[in-house]
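Heads up, the next two complexes both have chain A, just with different partners, chain B and then chain C.
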Partner chain A sequence: MTRILLSDKLDNCVARWRKAGLTVIGPVKKETSSSYAAVEKAADFDFGIVLPDCSIKGLFFPQTEPMTGYTIKKQDIVTNDFAPPAEKRIIFGARPCDASGLAIDDPLFGWDYKDDFWFQRRNETVIVTIACTKADNFCMCTSLKLAPDSTKGSDVLLRPLQNNKGWLVEELTDRGREAFKEIADLLQDGSEQAAPLAVVPEKFNLDACVAWLKNPENFDSTFWKEISMRCIGCGSCTFLCPTCHCFDFQDEGDTYSGIRRKNWDSCSFSLFTMHTSGHNPRSTQSARWRQRIMHKFNYFPGKFSVNSCSGCGRCTRQCPVDMGITETLQAISTLKP
Partner chain B sequence: MKIVDRRDEAPGVRTLKLEFQNPADHEHFKQTFRTGMFGLYGVYGEGESTFCVASPETRKDYIECTFRQSGRVTSVLASADIGDLITYRGPYGNRFPIENFYGKNLIFVSGGIALPPTRSVIWSCLDQREKFGKVTIVYGARTVADLVYKHELEEWEKRDDVDLVLTVDPGGESPDWKHRVGFVPTVLEQAAPSPDNCIAVICGPPIMIKFTLISLKKLGFDETNVYTTLENRMKCGVGKCGRCNVGSVYVCKEGPVFTAAEVSRMPQADL
Partner chain C sequence: MSIQEQYKKRVREILSSGAVKMVIGYQAGTTADRRRPLFIRTPEEAEKLVLDSACIANLSGYLVTEGLLSDEKSVGIFLRPDGIRSINILAAEAQLNPEQVVILGFDGNEKEVTALQGEKAKDFTAIIASIKEHAPSAPRNPQLEQIEKMSPKERFEFWQAEFSRCIKCYACRQACPMCYCRRCIVDSNQPQWVNTSSHTLGNLEWNVVRAFHLSGRCVGCGNCDRACPVNIPLRLINAKMAGEVLGAFDHFAGMSETQEPVLASFKKDDSETFIL
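Up next is the complex of A and B:
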């Protein structure tokens, strides 16, 4: 016997959670794009989306966020630090790759200086993941040793039922159990089978790629130039990536008052590492693409013991010049370590 | 922090002397600052810039920072007046382990605007001169005018417990220039400091560091006795924002001070 949540009860669940003070967020389609956004009723969800265009990263690490407000007076500077917002949220219908992305970035935001903005949101957000029964040609979670039903980063995992009328409920964390207490009476026992998971073929051999990347001789390989020749450095891959976390500080305002903000930045941009003197450690697009791949599969795991990629495939799916991690790692798989 | 003094070092290069406004911040600085660390100095409305703390760990009543006016933030900092307030975060990063240098000879090699970080170490050592052996300073700039801390160069030149070797790039000498003419690595090789019981501290533009490391190797210095500081572009200073990375190294956390042995393990093309 397992617990089951039927789709027709979902509207009730959304109402309960909202009444309990939670902002309910889920996959939503808007005209030409899709994302994770706040909903008011179950009908707002679109569970047919294989993967929303934008990852859930932005809900924890927003594209732009105020850090400090300032007012400059004659002999004084008055500042007010913005606190991370105290908002309890439930994300219903996250994809396993997106939830994994959050878990991957936790050690980065937690080592040394602890980023309160990230962790406050992490602690106050319940993540209900729905296992994937559909995948597209760009999905590659299995290549990253994850799966369409990975539980990494999730508080509750739902498996769609074979009859498509609801989900099997697997509560994974206390935070998840707490949120589902709210709707305990709306769940029921059942013996229905879960629908088969999406088939995501392995696209490359990760271990072979990592071995090649770890060999210092390959750092200067001509491979990097060839594979990144058509990169236009737009940064889309980094912005859509559920794990890319580089940022910039910018002041918005004038000499008298304004806000110091934290904004997404991208290692694909030529100004990212440019010194004042004009010296640029990563002066070519190929050096920047190499940094992105090395960082994800060599440097980051070296430091935090996890690859900085959850296999969502957005970098490839939405690249304007049809590049991406998949192509690069597929090519590396065929090279001698 | 409040600007309590300012000084022009060279065309476009200025030093600001800063005092803490908040006693708790000052106490934190006194407790944590060691030579080699850096800070983020800024002006609200413009942003922040990363410079080393140019004053030594033996003088913690104030902070001195020296910078070249070249961008948005440094232009505003350069036009700031005595009494003006600027923002400061820090100190961040690691340090030169000068207690490991006790009893050893020291050679400082520096170029252009990179004297400020070296100067912090130099004074940290000169303020407890008896603990070190022979002290040699090799400093060069493009032109005579571009030499920074001219008043301190004069002071070091007069001291008989410091050997100062000054040089300017060929073509940068003035008619009354009495010192060397030549690039820093060449002049260093001519000065030929003995690697025995000697620690080298080098700081300069990436190209100077690269060739100075080669020269020191030629002179017989062991890579573990050569220290340098990598001044990469930074924003957060606390190991998050990603831009100072060289390979897997966060320069802001694990650096900016590295031994030449550590630098040689980094991907050279990304330096």
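Up next is the complex of A and C:
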């Protein structure tokens, strides 16, 4: 016997959570675009989306966020620090790769400095993940040793029922249990079968790739130039990525008042590493692409013992020139370490 | 022989004879309907070449890659008419020498492609002139017509909603053959002319700046529109601006290598008094 949430009860659940003061967020489709966005009723969700355009990251680490502000008056200077907005949220229908991305970034945001903006949102957000029964040609979670039903980063995992009428409920954390207490009477016992999971073929041998990347001789390999020749240097792969986390500080305003903001930044941009002197240690696009791959599969795991990739495949799916991590790691798999 | 095989043969020939040092074309992509840019440097590599109706991207932007043409050697490139127009603009704006560009021209619809006769950009003048001639009567994008019917307030709200999705990844800029500046105005940070923040104002600023910079220069290849990872219909903005420039100045971007840039030239007999 397992607990089951039927789809026709979801509208009640949304109402119940909203009444309890939670903002309910989920996959939403709007004409040509899709996103994780706030909903008011169950009909607003679209669980048929394989993956929304942008990852879940922006809900925890927004593309632009005010950190501190200043106003200079005649006699004094007033500064005000912005705090992350206190908002209790439930994300219903996250994908396992997106939820995993958050867990991958947790140690980064809590490493030498605890990022309150990230952690306040993490602590106040319940993540209800739905296991994938559909994948596309770009999905690659299994190559990253994750799966269409990974629980990493999730508070509750739902498995779609074979009869398509609801989900099997697996509560994973206290935060998840707490949120589902709110709707306990809307769940029921059942013995229905879960629908088969999406089949995501393994696309490359991760261990072989990591071994090649760890060999210092390969840092200067001509491979990097060959594989990245068509890279046009936009930030699409990094901004859509559930784990890319680089940011820049920008001051906006004038002499008398202004705001300091934390904005997404990308290692794909030439400006990212440009020194004041004009020297750029990563002066070519191939050096930048190498950095992205090295960071994800060599430097980041070296520090936090986890690869900085959850296999969502957005880097390839939305790349203007059809590049991405998959092609690069597939090519590396075939090289001698 | 299929057009793809004909062109493979041609690519092998121009590489073997040394007429070009490289050919930029298309190869198979991750999925059946995707094509990737391909850089062919040896006759053997021509085998990877794919040429069919899925070859849509305008590849001309690769020609202005820093240093590519500085050895004065020629480069071959697969281009549709819009891409050839891009070459004309890049030449008119002194970004490349059109004599170094060997064009492997093609055109077609969603089903098939056909070869275009010619080698240098100037060989395609008649084709481009005929496109210009038909431009005013060409079927207009229904969405554009819908937007034109909106009130200014509705229109502003429409674009505000579209731009709210912008994440400032600059894929539109990087994919655009006309965005060749070594340092874009938004990357100039001493002083910071344009906000880098991706908030409502910043997104509006960026997209409006780009629309103006492309007025009279955009050939409507659609690279930006296809590159946008959040599907903002950028093509509509550029199509609107191209229409305005055509109507007001009879200027159709990329007619020839010597065409004057519409927003960087003037006529002494201009009816507007502020000109001179």
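Heads up, the rule we're going with is that the second predicted complex is superposed on the first by the 335 of 337 C-alpha atoms of A that agree within 3 Å, B and C clash if a C-alpha of one lies under 4 Å from a C-alpha of the other, contacts with A are read in each partner's own complex, and residues count from 1 in each chain.
Heads up, the rule we're going with is that contacts are C-beta pairs under 8 Å (C-beta built on N, C-alpha and C of every residue); 3 or more make two chains touch, one makes a residue touch a chain.
These figures come from a predicted structure and were not determined experimentally.
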Touching partner for A:Q291 - first (chain B), second (chain C), both, neither: first
Partner chain(s) touched by A:C267 [first = chain B, second = chain C, both, neither]: first
Chain B versus chain C as contact partner of A:I72, first or second or both or neither: first
Which of chain B and chain C A:N137 touches, first, second, both or neither: second
Which of chain B and chain C A:P216 touches, first, second, both or neither: first
Which of chain B and chain C A:Q250 touches, first, second, both or neither: both
Partner chain in contact with A:Q120 - chain B first, chain C second, else both or neither: neither
Which superposed partner A:R282 touches (first chain B, second chain C, both, neither): first
Contacts of A:T64 with chain B and chain C, given as first, second, both or neither: second
Residues of chain A at both interfaces, chain B in one complex, chain C in the other: 248, 250
Chain A to chain C touching residues, read off their complex: 32-33, 35, 53-54, 58, 63-64, 137-138, 229-230, 232-236, 238-240, 248, 250, 252, 261, 263-264, 266, 269, 271, 314, 316, 318, 320-324, 326-327
Of chain B, residues touching chain A in the complex: 44-49, 68, 70-71, 74, 85, 87, 205-206, 231-233, 235-236, 238-243, 245-248, 253, 267, 269-271
Chain A residues touching chain B - in the complex, by the definition given at the top: 70, 72, 75-77, 79, 108-109, 111-113, 115, 216, 219-220, 245-251, 253-256, 258, 260, 265, 267, 272-277, 279, 281-282, 287, 291, 294-295, 298-300, 302-303
Complex contacts: residues of chain C adjacent to chain A: 29-31, 34-37, 39, 57, 61-62, 165, 167-171, 173-175, 187, 189, 192, 195-199, 202, 223, 226-227, 229-231, 233
